[in-house]
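Each remark here refers to the structure printed beneath this line.
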Amino acid sequence: MLVKRCFASERRLPAKESEACGLFGVMDITGKRFGGEMAISAMKNIKVRGNGLGGGFAVYGLYPEYRDYYALHIMFQNKMAKEQVESYLVENFNIVYDEEIPTNPDVNLFCPPLVWRYFVAPKKKGEEQALSDDDFVVSRVMYINTSIEDACVFSSGKDMGVFKGVGFPEEIAAYFRLAELYAGYLWTAHSRFPTNTPGWWGGAHPFSILDWTVVHNGEISSYGTNRRFLEMHNYYCTLFTDTEVMAYAVDLLMRRQGLPIEVVSRIFAPPLWDLIEHMEEREKKLYSTLRMVYAPLLINGPFTVIVAHQNEMFGLTDRIRLRPITAGAKGDLVFLSSEEAAIRCVCPDLDLAWTPRGGEPVVVRQGSRDHLLSLPESV
Amino acid sequence: MSRFTYLIIGNSAGAVGCIEALREVDGTGTIALISDETRHVYSRALIPYYLEGKIERAGMDYRPPDFYTRHGVTPFLGKEAVGVDFDRKEVELAGGERIGYGKLLLATGGRPFLPPLPGLDRQNVFTFLSLDDVLAIEKALPGVKNAVVLGGGVIGLMAAEVLSKKGLDVCVLELAGRVLAPVVDETASALVEDLFRKNGVKIYTETTIKEIRGAESVEEVRLTDGRTIPAGLLIIAVGVVPRVELVKGTGIRVNRGIVVDQRMQTSVPDVYACGDCAEVYDFAAGHHKLLPLWPNAYAGGRIAGFNMAGRPRKYEWGTGMNATHFFDFYIINAGVNVTGDNADGYEIVSKLAEDRRSYRKFALKAGRIQGFVLAGEVARAGIFLHLMRKAVDVRAFQQELTKSNFGFSDLPDQLRWALLKDDVVLGVV
Amino acid sequence: MNNLNVRFGLRDMFLDGVRPAAALIKYVNINGQSAEIDALDLKHKELNDLLRAVALQGISKVTVKNVFGQRYIGTRLYLPDPEKRLEIRISGNPGNDLGAFLNGHRIIVFGNAQDGVGNTMDDGEIIVHGRAGDIAAMSMRGGKIFIRDNVGYRAAIHMKEYPGKVPVLVIGGTAQDFFGEYMAGGIVILLGLTLKENEPHKAHYIGTGMHGGVIYLRGRVEEYQLGKEVGVRPLDDRDRAVVERYVGEFCAHFGLSAGKILQGEFRKLLPVSKRPYGKIYAY
Amino acid sequence: MYSYLLPEFIVERREDRCIACRVCERQCANDVHAYDPELERMVSRAEACVGCQRCAVLCPTGALLIRPHPAEYRPNSSWTREKLQDLKKQAETGGVILTGSGNDKPYRIYWDHLVLNASQVTNPSIDPLREPMELKTFLGRKPDTLEIDLDNGGVKIESALHPNVPVATPIVFSAMSYGAISYQAFQSLARAAKEAGTLFNTGEGGLPKEMRAAYGGNAIVQCASGRFGVDPEYLNCAAVIEIKIGQGAKPGIGGHLPGEKVSENISVTRMIPRGTDALSPAPQHDIYSIEDLSMLIYALKEATNYEKPVSVKIAAVHNVAAIASGMVRAGADIIAIDGLRGGTGAAPKIIRDNVGIPIELALAAVDKRLREEGIRNKCSILAAGGIRCSADVVKAIALGADAVYIGTAALVAMGCTLCQKCYTGKCNWGICTQDPYLAKRLNPEIAGRRLVNLLHGWSHEIKEMLGGMGINAIESLRGNREHLRGVGLAEWELDVLGVKGAGE
Amino acid sequence: MVLGRVILMGRVLVKPEVCIGCHLCEIWCAVAHSRSKNIIKAFTSEQPKPLPRVIVEERLPLTFALSCRHCAEPDCVFACISGALYKDRETGRVVHDRARCVGCYSCVMACPYGCVLINERERQVLKCDLCTGLDFPYCVSHCPNGALVYEEAADKHGGF
């Protein structure tokens, strides 16, 4: 476990970051790609939910020409780190293409690192053949992030990418020239309000693992319990953020264990025992069992999370809705955001705007209207 | 002939009240005082105490021996005023001497009423009003075993108590159906009668003396009911009448007493009257009447004094009021005395606590206390007089009045603080 | 990786780049007693600066258009003249804390409102032609709020009243959980007009910790949806009068007819005790 | 009364001195003393005694001695008398054990392990009796730099300044609400603050209307989870507005003012119905996250036209430094940190005694973090919770506080004896009660004067200590760890405090 | 020759809002008027037991001490039949001369404040003498809460 590997004692673990944020996500359920203007304007609208110490975007459908390759976005604090990482990459991957991620030097950001992207395919050897590609990539990303100084892989999925850094989201967007250069069918965005860490580039959000990205708002009171449970399943939490824990939990339950979001949301935000009491026998049994088995993954405390991966995005709040979320729909576009105003300012004539009940996921899937399933429990 | 700024006829409470008030205002005007008694000013109210031996002769003095000199008063003692010339502003003394005045106060007081009884001229028949009376009684006492007191009023009963304590067999005669009838109601009277009886004093009501018998000295009295009672001593205490003969028939208005207005001024300019000789304003009754009581005399004299010195003030202080005690039993009453028939329809709040020998009764009209009697427990009685005088509507707390520890705490907040605050007067007026 | 840490000062997300009121004049159009403000691109403080400025100029009616999330509308209107009343008509989507600490003005929203409508409101009126987010009327202690549609979580939380002030919240639709939580006073009316026939209200924990005030609830609700501090009673004549009065006002604001609404079944939710937690302690 | 408890105190009466004047009887709201007319002497029920010492102090003949009851259970280091008694109480009632005042458990008091410096030879100490010694402190946010216009021959400040509030001495009265404490006690604090040129804190009980004009200028008005007494006038009449998130004595939980204390005046002042429990929820329901705090901070700034500094008060908890940093970023102009030993009118004992961290460590950590992040000057720090004397004040300032809050010390100045029964509402000293018969025992004139005396005394001592260090303005001490050394502290403690060991 | 004006030298007034009903004023008043001036002796060995001249009225929570207010125009003096009560022109005090008091209680009847108290055992009255001969009225100096104030001049009027 990480604790054993890197720290003499749990006492020496860095303090968890606590933070709060503004969130936004938009997806075209037909898979049509569009530019970043909506996400950028929406984040600008809820600027006051962040404090300029972190902003970022995740875009899906980003690299159609490299859709079969893992796209690694890596930031380096110095050349030496880059050399180290590259020699490690060469050892473990076939790099089909790499380039510096274009930035706009006119945007004045604080200490931007060198940011590079690599499109790679795993180069598995020996026993590793048994590993899935995904697991192989995860292990290599974990290695870089825990073992190579001054480097950070902040995006490692296919046909998607994360852009983030220290600044307000619109500054990050301008720096990475998102509006000019990119299109995608799903955009999530995050404006960060860390309470305790000074902003650092790697610590900005979205947080990603493979093509899973998480943007999150709130401070999880169950962090210690969740983290220790995940560590037992060989997730190495290196960033000490709630978002990281959420992302690993999603990865564990959805990717590795194959549970659908509808079940995962009940693990994260289970119904209260009071209410389970009043359920029908079958449901009662389901929810009781989920609570029993997955108790360590109950995400306690206030949170709103927007999780995205290929062709899917969902939003969820904690079970007593201590953090806000609003969903909106207009034609094939589905929006999720911390504030309705952020949606309205990019799409004033919504067909629908609704607020789901706490713990009730809004699931947005390509080619489906599953997001409307959350309507009956909404206001 | 000497002439004084202020001249006072009389030498008792009214005179002293006047002198002290004059000197609060006027430090220079000359003051003279005429009295037919030769004594330094003394308190007639103290004679029962003297007789009982509670105080010495010197203790009878109402003011210290230097009272006249300290106040710059020229006393004409042992001189009887026999006439007043209002036009020339002169008083004529017996013997012809005349004294001029700027302002004149008539404070001649009262004299005991003597009913026309056969045998009044026997020895050991006394009244009970002056020091002379009591000195004479004192002299007579050693040879006497029993005494009759004619009159069951305050003075009569006080005399009876003292005589009883002196070891005499005492009998009180009261023409009315009960003692103290003009002062208190039936219940209080009964308490008092009971008290006297328990202390060995006989009380005969609804009877009076038909004849005083005895050789030289009184020996017995025969009553209207036919009984005969032995009496080595007879005290006649059936009331006081104003001494108004000095001005009777002059231009000054005299009713039963000398009529004064609220400034204590008579119908003649620069002539004032106060005390037992005057009919003064009774704030409780709302009209002028005789209030032959010590505090009223003093306060009346005081108001007269201010007015005489040119500082107008009204007399609104007085009403019938008595603080009396018999044996260990105290009674304080003031204002109207509402008896059993309650002819005037007062609202009555009363309580008799026989175990504590305590009786409290308040007569209200439109929520104002018009009169009260406290018998047995009299502490803080002045508060009620105060409420009366201020015409305070007591309805909000009238049930509390009969509490033996009634106090300001029982009043509504605002009233309480108003009463405690506004009065604390202000030097001289 | 630690080298990626940076030290970073403080950027004021509210105030950085706020333009002085004088520079904002182009956003305002004054016409006699009324004014119009175009709030597009205005920051929170800028909009409120303008509102205060027009109020101080004696304007009594302001229309604000293109509102997208600006917060605290009405909050800065504690004016030197306490009698001064402003009517603010908003089209768009006002931001959180609409009318927070509102001090006797009237705000009409043509659109949805977000969280914190009428937060700690003291006096005045807020009328929302749409829905409202969480904690509507939180800690409100005076004035009236009318929401045409639904409200989110914790509506009317800790509303209160005291001699001379009784706040009123009327919600046309339904509410989410913890409705009326901690209520200490005031009148809340929940009409359920957005529910289907016989559809129960979905909120759980209604009136938990309630210790004052009253909720009039139209429509169905199960016993277990109520907090244990709540008692249910039928309406008496006085209650009906109250409901009729405020439903009448509600309908007047939104052009509805009261008759049919009043025919629905109402019940009254009352706290069972003024001291819900009086007995949990060992002294 | 509980059935199985040993009395906590014993009442010893010297019969040869007792004159049965019954003062003790009248002064005891717990009915400990009574006059027995048959015995013709005073008798006592010790089991009701809370040890407040009111009777002993007022006894005109000194006939009373109240002391801890000597009866003991069998000594047991684990199952102490207190634990046993609490257990028995809960067994009898099933309730949450309440207590008042601050944590009384033997946690290390770091003040007592810090020593101060004095000048010797290399620089002179200063005599504050003769020479100027400045304690004036500004509370509020300061800009990083000033833009200055030197045109027109004069110096003109161009920067827009954030509101700051000066205090004459760096000691401010901590939040104690009208309702928790009596009107008289509340007024005493207000009077004293005004006279001494410092601030008092209304707590979450509102500021009675009649006090606003006279005392608003010296008031820190709280806006807490119950929003009691918060209206625009209240906010606008104050010197500072404080958002109360937490309290050192009971971090993370709310408060209940029982309905019987909600008198007419309290009802109007708190703006709640009469006779109803005043329930302060644990959280502010519009603050579930840091950006919500920011929302409320700016709501309050909006409500007061950006004219008042906004303070945010939190309990010192594990990650206090991180939270403080967030608070500053959220727009707080003052951050108040209330430590483990902070007092309260009522708290579950289990919370009071087990939750939170000592103020000394919290303060040092916060000051360090804010300096590391370069935002220390963006706020003032008020340290609270267990400031007992002027040396504690000086040490707090050296650890980075701008000023300190004193609560318990102020109460003691007014007469409090820390009997810890505040929650019963039967404070015999008239401080923590709404019973008018008890409350009037606190004469605001006397108590106000005592508080002013306390401030004068402490301020003078602070000047003496500053003078000794060769410092003549308090700002030169702020955060100045050079003047502190630790004694008897472990390495990690010195690290957190940022202080060298003595002799180092 | 006496001066014309009455001087109000002083009196003890109460601030009811801070009177705590402890009755210590009564206790110390009694001590002040005891032979020994020692509180323990006064109450344990002196016979007769010393009596207070101030009374504390109570209707809880209201309590307030009352004692003679040394009126400018004292009704008790007007009513006194023996001259035992008089207004001392030098000090302004209303003085009670025990030697001359016969216990008629006319003053009790007259005092509007009920502040002439009765000593039943001696059949005399008692009233506040402002602790003549002592430094300061004991009730004031021993009041633990500043509820009693010695008001030197009539125009200040801080209490009741």
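First chain written, first letter: the chains are A, B, C, D and E, and each begins at residue 1.
Rule of thumb we're sticking to: contacts are C-beta pairs under 8 Å (C-beta built on N, C-alpha and C of every residue); 3 or more make two chains touch, one makes a residue touch a chain.
It should be emphasised that the depicted structure is a prediction, and the values quoted were computed from it without experimental measurement.
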Item checked: Minimum number of chain-to-chain contact steps, subunit B to subunit E -> 1
Notebook entry, point to check: Moving only between chains that touch, what is the shortest number of steps from subunit B to subunit D?
Noted result: 2
Notebook entry, point to check: When you check each chain against subunit A and subunit B, which touch both of them?
Noted result: none
Check: Relative to the centroid of every protein C-alpha atom displayed, which chain's own C-alpha centroid is closest?
Finding: D
Item checked: Of D-E and A-C, pair with higher C-beta contact tally -> A-C
Next item on the list: Sort the other chains by how far their Cα centres are from that of subunit A and give me the top one.
Entry: B
Next item on the list: Average the CA atoms of each chain to get its centre, and name the chain whose centre is farthest from that of subunit C.
Entry: B
Next item on the list: Round to the nearest whole Å and give the separation of the Cα centres of subunit A and subunit D.
Entry: 44
Item checked: Euclidean distance of C-alpha centroids - subunit B vs subunit C, Å -> 79
Notebook entry, point to check: If you average the CA atoms of subunit C and of subunit D, how far apart do the two points sit, in angstrom?
Noted result: 35
Check: Which subunit A residues sit where two or more other chains touch them?
Finding: 48, 50-51, 53, 197-198
Note to self: If a residue has to touch 2 or more other chains to count, which residues of subunit E qualify?
What the structure shows: 63
Next item on the list: Give the pairs of chains that touch; include all such pairs.
Entry: A-C, A-D, B-E, C-D, D-E
Margin query: List the residues on subunit D that touch subunit C in their complex, please.
Written below: 89-90, 92-98, 144, 223, 226-227, 230-233, 235-236, 256, 258-259, 264, 267-268, 270-279, 281, 285-286, 294-296, 298-300, 302-306, 328-329, 331, 348, 372-375, 378, 423-424
Next item on the list: Using the touch rule from the top, collect the residues of subunit E that touch subunit B in their complex.
Entry: 1-8, 11, 16, 55, 57-59, 62-64, 66, 69, 71-73, 75-76, 78-79, 81-83, 99-100, 102-114, 116-118, 154, 157, 160
Check: Which positions of subunit A touch subunit D when the two form their complex?
Finding: 15-22, 48-51, 53, 193-198, 217-219, 302, 322-323
Notebook entry, point to check: Given the complex with subunit C, which residues does subunit A contribute to the contact?
Noted result: 45-48, 50-53, 75, 77-78, 110-111, 113, 145, 149-152, 166, 168, 197-202, 238, 272, 274-275, 277-278, 320-321, 324, 326, 339-342, 344-345, 353, 355, 357-358, 377, 379
Notebook entry, point to check: Any idea which subunit D residues touch subunit E in the complex?
Noted result: 16-17, 19-23, 26-27, 58, 60-61, 184, 430, 435-437, 440-441, 443, 445-446
